[in-house]
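For clarity, chains are labelled A, B, C and D in written order, and residue numbers in each chain start from 1.
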Amino acid sequence: MARDVQSERPANSFRLEKVGVRGVMKPVQVSRTGHTVTLPTTFDVFVDVPASQRGSHLSRHLEVIGEIVDASVRSNVPSLEDLAGTIATTLLKRHETATQSEVWARADYFLERTSPWGRKSLEPYRLVAKATADRGRSMQTHRAVGVEVVGMTACPCAMETIRDGLGSTAAPRGVPDGLPLITHNQRNRTTVMLDVPEGHEVEADDLIEIVESSLSSPTYELLKRPEEGKLVEAAHRKPRFVEDVVREVLARILKRYSDLPDPALVSVKSESDESIHKHNAYAERTTTLGELRR
Amino acid sequence: MARDVQSERPANSFRLEKVGVRGVMKPVQVSRTGHTVTLPTTFDVFVDVPASQRGSHLSRHLEVIGEIVDASVRSNVPSLEDLAGTIATTLLKRHETATQSEVWARADYFLERTSPWGRKSLEPYRLVAKATADRGRSMQTHRAVGVEVVGMTACPCAMETIRDGLGSTAAPRGVPDGLPLITHNQRNRTTVMLDVPEGHEVEADDLIEIVESSLSSPTYELLKRPEEGKLVEAAHRKPRFVEDVVREVLARILKRYSDLPDPALVSVKSESDESIHKHNAYAERTTTLGELRR
Amino acid sequence: MARDVQSERPANSFRLEKVGVRGVMKPVQVSRTGHTVTLPTTFDVFVDVPASQRGSHLSRHLEVIGEIVDASVRSNVPSLEDLAGTIATTLLKRHETATQSEVWARADYFLERTSPWGRKSLEPYRLVAKATADRGRSMQTHRAVGVEVVGMTACPCAMETIRDGLGSTAAPRGVPDGLPLITHNQRNRTTVMLDVPEGHEVEADDLIEIVESSLSSPTYELLKRPEEGKLVEAAHRKPRFVEDVVREVLARILKRYSDLPDPALVSVKSESDESIHKHNAYAERTTTLGELRR
Amino acid sequence: MARDVQSERPANSFRLEKVGVRGVMKPVQVSRTGHTVTLPTTFDVFVDVPASQRGSHLSRHLEVIGEIVDASVRSNVPSLEDLAGTIATTLLKRHETATQSEVWARADYFLERTSPWGRKSLEPYRLVAKATADRGRSMQTHRAVGVEVVGMTACPCAMETIRDGLGSTAAPRGVPDGLPLITHNQRNRTTVMLDVPEGHEVEADDLIEIVESSLSSPTYELLKRPEEGKLVEAAHRKPRFVEDVVREVLARILKRYSDLPDPALVSVKSESDESIHKHNAYAERTTTLGELRR
């Protein structure tokens, strides 16, 4: 019998709070809102290791992921964050010396969207689920779900500068009322993570809807010429800083999830690939719903 | 003495045309246009291996890179493509069984630019140099230099759609003459590679200038409000498809490098991170100057 | 009616050989070897644009991708390269002025593998399909299929150095016969692309099998302790340079696809993330089967 | 005069704790340990924005970065974290409504290393500096410096399994004493961030030395055959889990920086690109020196 090297005392007895595997890829089956989708998911999975133990038995991480993902094919799993929660709990059962576990699951995700002009398309997004479990608090798990959405922002500031003729050689005085003015616009990536407390559900599709409503405009795969013109005009009629996007997402989340308790965490990040610079503009707020409600 | 495993006959005697190392990082000193810059450069370096030889002695690749880069600190090296050319030739001397070599060098590069409004800034670009050497043709080397430039494109098509009111709810009739119309604009990356035949020089700074002149607008690190307005207006007065950008770069190269011989290769690629889509628009032309001159 | 800007004459009348879109994401349904899999696929799709035409109508690219992918859900599509081929042909029908088209499709892919010790797991790979169509040759399409495989290489050279005691303080003389010696080993990524001429089929799963057989060892998601020992030993009993890997893949392809015609192209690239260096080792051969058969 | 859009009241009055720019590239001059190096640095720079203000004046971020970096060329700046600290303080002066600022600076960095066999080479690393400033505590800044180091780990567990013959077909009984046994080894990336409290200095070069001493072996650009053998043997004589690496780095930091106060934060992360798996092994500890000293 070989030495159980991992269970030996380490040379330097410090506790480690995150030991595990990153980049484990698995196809996961999730039954969302009535239909089943297969998500090619990437897992990062960790437990803590006490000061008295040299190493974590990492093959158990893989066994747990494998078993829970396999089971998801047979029984309906309602969401990626539920799956992550089950993995988090099972990790603590399998690693007797661990007191906490942390699971991240990320997947490409397609959602059917209908443009304002009636055209349907499957648009790509990114799903993120996180779950932690805590042995001290009777295996209590903590789940969060998130989305990453690509859309468009048009800058309100450049538009006002243009309106005032500050930047103009041909003075734009006498602009007909209601004519949208030029500005820089660009691709934007906005991400939201929201806690899903026990007994509550948060639908990722709703978070995607909330983000897209908060941008200058959602974007679409296929735009015929008049639709392209309408989207450009709509975006210019709703100019947004990254700051505006983050705040509007927060306001919509407060309204939509009025039932979620005060301690629930929310994190919103918005980044615009500025068309007029080589760098990006960025805004972020990470806080509790309670703090926002004050 | 250990077996020289690399020099043994391989199990499957096929010639390999590229064997070497990728991702070797070295600080390189180059004396460009009168001043010396240090470029943290990433090298990919290859030779061919004949069917009769199991492996390349890869440590020689590193010795050659090291020696040539070290020498560049003592003697003035005029360009990254000259350095790559010397590495390519030296590789053939050191690998007796090789008949051809290929060297790529890539580096971040800063160039002082002056905006149309007189503000100076150091803008970041990417330099690319390539060199090959061929034993069969008495060690003849072949050098090319390239740049990657980030700038801005504004779409001509959406602008015409807007002009025609096709996409508009508030009809933009009665637009004052000369008022630029809204459109989508976005970050664009355009790359150029151009052969530098023996006895000729191509200055990377000129290629950067050519690309920036061919975009809707160059971009700048710092824009105070009126400058931002002026840049946005300038870009809207010069709308460009990726197709336009590639063709304008080609035309400017033909004009600027009328002395370069017909067989010299040129490659231009332009990619716009479309603000109205989640995917990118792309155009490319790779050909000889002679073909373009016909 | 708005001006059809794309159809205007360009300012600089050069032909462009690749104009299109990159990074279009679509879930694709493929019926491989009896079962149906959904592949979240990323498309890059191009046509040429004649010198007389300013721009390509890019929305047609998206219409074509959308229609063909939608049709794949209803009718069984046998492979990603068949789907790419249909897109390539349809692009030429829709873009009347184009003479050639090029389609790339890339997707994460999971394949059930059984380790030498009987454990089954779904391992992740990357599928690549390419197709081109040529109006001049009565719309003839050209298809290729490829795989990217992650596995393990153990270095033959360091092992011989160790055997000879060159690098050793404790001389390894008197090593029992058959005991595998230490060496450096590491993660390796090997990619293969192979033409699939009209009337032939190439199964991506077979290419994965060929690559994994050519490495020092395939790798597995879950290895319990004795299995880990056996895999390490197996890899050390089959040390491989990147050069060895490329040549063994080529030899296996020649044997397996003896029916493929001489002009069929094959490209094999192998890159090892050297554990003893910060850079990678790399080998490549791109040629025709005919050339290899000589 | 155009409206100062950023200073208007926002539609949704939430405070934002991080608003700024990401990916600003600048060449920075730092005088480290007697010699001056130019670091091509990427900056991410943020301030908070109060609930009453719609947007941050982002051009001020760029002005501040530009001024401080320009000044660094004239006056000697001892470290990237000092530069970051000055930027953090100046941001608060320039953004009157902000109460806190955060600055990240990242750069490729080369350090001359001497292998155990006397060969010198410039090895590439990654420097990270962070600084925050807090208006509430009289502009107090908080600095941290970090490094990212690539090296090698050899697995202790597989080695013991091999020793015990568990995984072997040819039983390795009768292994001569002191002969190192085979195991899997691989590329590893370990990062350290350490607070640099006011009045203290932490030399990034020392952190690199600490990490390299804690791995199974540092890696080198150029290894001639006997040196390669010796490095492989050395790594096998010092097998290390990622857990071991993190703990040894922590122990060495405690010893080397016994003068740093208890509240100083340290974060150590180690990730091995497992050669026997397609996923990575990972360990992390983020805590205060005081916590480690208990």
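Assume a contact is a pair of C-beta atoms (placed from the backbone, for glycine too) under 8 Å apart; a residue touches a chain by one contact, two chains touch by 3 or more.
Bear in mind the structure is a predicted one, so any value in this text is a computation, not a measurement.
Engineer: Report which interface contains more C-beta contacts, comparing A-D against A-C.
Structural biologist: A-D
Engineer: Taking each chain's centre as the mean of its CA atoms, which one is most distant from chain D?
Structural biologist: C
Engineer: Since chain A and chain B are copies of the same chain sequence, what is the angle of the rotation superposing the Cα atoms of one on the other, rounded to the nearest 5°?
Structural biologist: Between chain A and chain B the superposing rotation measures out at 180 degrees.
Engineer: What's the distance between the Cα centroids of chain A and chain B, rounded to whole Å?
Structural biologist: That gives a centre separation of 35 Å.
Engineer: If you average the CA atoms of chain A and of chain D, how many Å lie between those two points?
Structural biologist: Taking the average C-alpha coordinate of chain A and of chain D, the gap between them is 26 Å.
Engineer: Centroid from C-alpha atoms only, then distance chain A to chain C, rounded to Å. What do you get?
Structural biologist: 30
Engineer: Quick check: what residues of chain D touch more than one other chain, meaning two or more?
Structural biologist: Residues 2, 24-25, 124, 157, 161, 166, 221, 223, 225, 228-229, 277-279 of chain D each touch two or more of the other chains.
Engineer: Which category does the touching pattern between chains fall into here: line, ring, star, complete, or other?
Structural biologist: Here the contact pattern is complete, since every chain touches every other one.
Engineer: Please give the residue numbers of chain C that touch chain B in the complex, ascending.
Structural biologist: So the residues of chain C in touch with chain B come to 1-3, 5-6, 10-25, 44, 46, 49, 54-56, 58, 156-157, 160-161, 163-164, 166, 241-244, 246-248, 250-251, 271, 277-287, 292.
Engineer: Enumerate the contact residues on chain B facing chain D in the complex.
Structural biologist: Touching chain D: residues 2, 24-27, 38, 40, 59, 62-63, 66, 108, 110, 121-122, 124, 221-225, 228-229 of chain B.
Engineer: Provide the residue numbers of chain B that touch chain A in the complex, in ascending order.
Structural biologist: Residues of chain B touching chain A: 123-124, 150, 152, 157-158, 161-162, 166-170, 172, 174-176, 178-187, 217, 219-221, 223, 225-233, 235-236, 273-279.
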